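One structure is given below, encoded as structure tokens.
The letters A, B, C and D name the chains in turn, as written, and every chain counts its residues from 1.
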Amino acid sequence: MGTAQAGLGPGELRGFDGLYGLELLWCSDEQVRAQVRVRDELKQPMGLVHGGVYASMAEAMASLATALAVQEGGETAVGLSNATSFLRPITDGTIHALARRLHRGRTTWVWDVRFSDDDDRTCALTRMTIAVRALR
Amino acid sequence: MGTAQAGLGPGELRGFDGLYGLELLWCSDEQVRAQVRVRDELKQPMGLVHGGVYASMAEAMASLATALAVQEGGETAVGLSNATSFLRPITDGTIHALARRLHRGRTTWVWDVRFSDDDDRTCALTRMTIAVRALR
Amino acid sequence: MGTAQAGLGPGELRGFDGLYGLELLWCSDEQVRAQVRVRDELKQPMGLVHGGVYASMAEAMASLATALAVQEGGETAVGLSNATSFLRPITDGTIHALARRLHRGRTTWVWDVRFSDDDDRTCALTRMTIAVRALR
Amino acid sequence: MGTAQAGLGPGELRGFDGLYGLELLWCSDEQVRAQVRVRDELKQPMGLVHGGVYASMAEAMASLATALAVQEGGETAVGLSNATSFLRPITDGTIHALARRLHRGRTTWVWDVRFSDDDDRTCALTRMTIAVRALR
């Protein structure tokens, strides 16, 4: 029922997740918690957190959790679609993200990710569909 | 119909678009061309370009083009939803993006963005819905 | 917070919702419950409930609940986007639907709708974005 | 590349597609044309064509064309996600639909469907993702 992992702090993830500053707080095959601290280089021209940051966080959280769960069976996980709705801008503080698995199928997993600000207001939502495929 | 703009090279955009390296090649109110050069810090753990990069590019291109078009009328543009489908991974070269406006309404604009690799294969697709609102 | 309504049975709704057989069980500005009884004329060629039935139910539930809530203020509600994911087919029994409002903004409301079968398994999910506009 | 088919008139399709009145005009593995004639029982309470009608048409067109193409290889096609954006209402005449295949992968096909009114104005857009699976 989901293997919890120790958190990964800022700077410990490589690649794009390291670039924008993803911090993984908790990861199982049913739930993932993560956060990103807002800084100017995450913003769009009007000073709001760039919509791509939310989409990137959701992508990483759902893909990673699915990949960890299926790798034992010789499978891998890749994002199939990412549908993010933007509800309320964030301009400072921390972006808090909670991913919950909605469906675990043989070939696709579906996750919903909720993003909230420091006052726990819902700011964005992502539905991620992840394809599960045999490792080649 | 549409005011073309001079291109903006890498490093000329600030904030998140500068961080991941968006280069704007052409921008009108009907079409936007942009690109991002692949580098390791844009990748996810398996070595593919991170899905969030495509979503970020689409967000920036559609939002910017809409904002430029409506600002004369005292309005601004913010992303409402970003739906990205991932078709084929990119691992090196350049991510080429072409955004086309599908709809120009009073309160929402809709854009489709096609991402292709150096061999012009379609690698991802985004549908962006942008809200147009009065500047406060 | 939310005005409950008496249910509307099959045949009491007109137009398309009557055609496919929507039954409204509960409706407030935060939650809507509805169902459709499966019959052959709701199926696609392979004998599964047609994906359009889920999308239609979500559209109706979210639009109606939003419209009822904003009409006092002289506003109306129209669907802006409907994103439905299909997780598990339904072939008989009843399609149970629960819509929950995720966001209430000035110009857009966002709802999630969960569809389940008679065994309460999640079979489809819809994210509906509804535009709120002044009545002309 | 793509086997054209004779058209299917109203009443010739069974199940849900027959109920709402889908007419298939052209079908290959790359493009599908179809239409639905507007009548009162396709409308939502405000007198506009119900959003579910567009979603249903897209679902049918993309699923059918994919299924016909993959069945020779012993595979079948089922809808994975349906993302429909509503741009302009239709109240009478005919709903014209053109589906174009954007991607043909081993496990998923992606289609875009454009809906237009009798004046060829774009009224709705759907992105359909279809899963291709072995027949059991």
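Here are some notes:
One rule holds for everything that comes next: a residue touches a chain if its C-beta (ideal position, glycine included) is under 8 Å from a C-beta of that chain, and two chains touch if they have at least 3 such contacts.
As the structure is a prediction and not an experimental result, all values here were calculated from the model.
More C-beta pairs touch across one of B-C and B-D than the other; that pair is B-D.
Chain centres here are means of the Cα atoms, and by that rule the chain farthest away from subunit D is A. Mean C-alpha position of subunit A lies 20 Å from that of subunit B. Subunit B and subunit C, compared by their mean Cα positions, are separated by 32 Å.
Rounded to a whole number, the gap between the C-alpha centres of subunit B and subunit D is 28 angstrom.
Multi-chain contact residues of subunit D, defined as those touching 2 or more other chains: 80-81, 83, 85, 129.
Those residues of subunit D that touch subunit A in the shared complex are 80-81, 83, 107-108, 129, 131, 133.
Residues of subunit D that touch subunit C in their complex: 14-20, 40-46, 48, 50-53, 55-57, 59-60, 63-64, 67, 76, 78-86, 89. Listing the residues of subunit B that touch subunit D in their complex gives 83, 85, 87-88, 102-103, 105, 110, 112, 122, 125, 127, 129.
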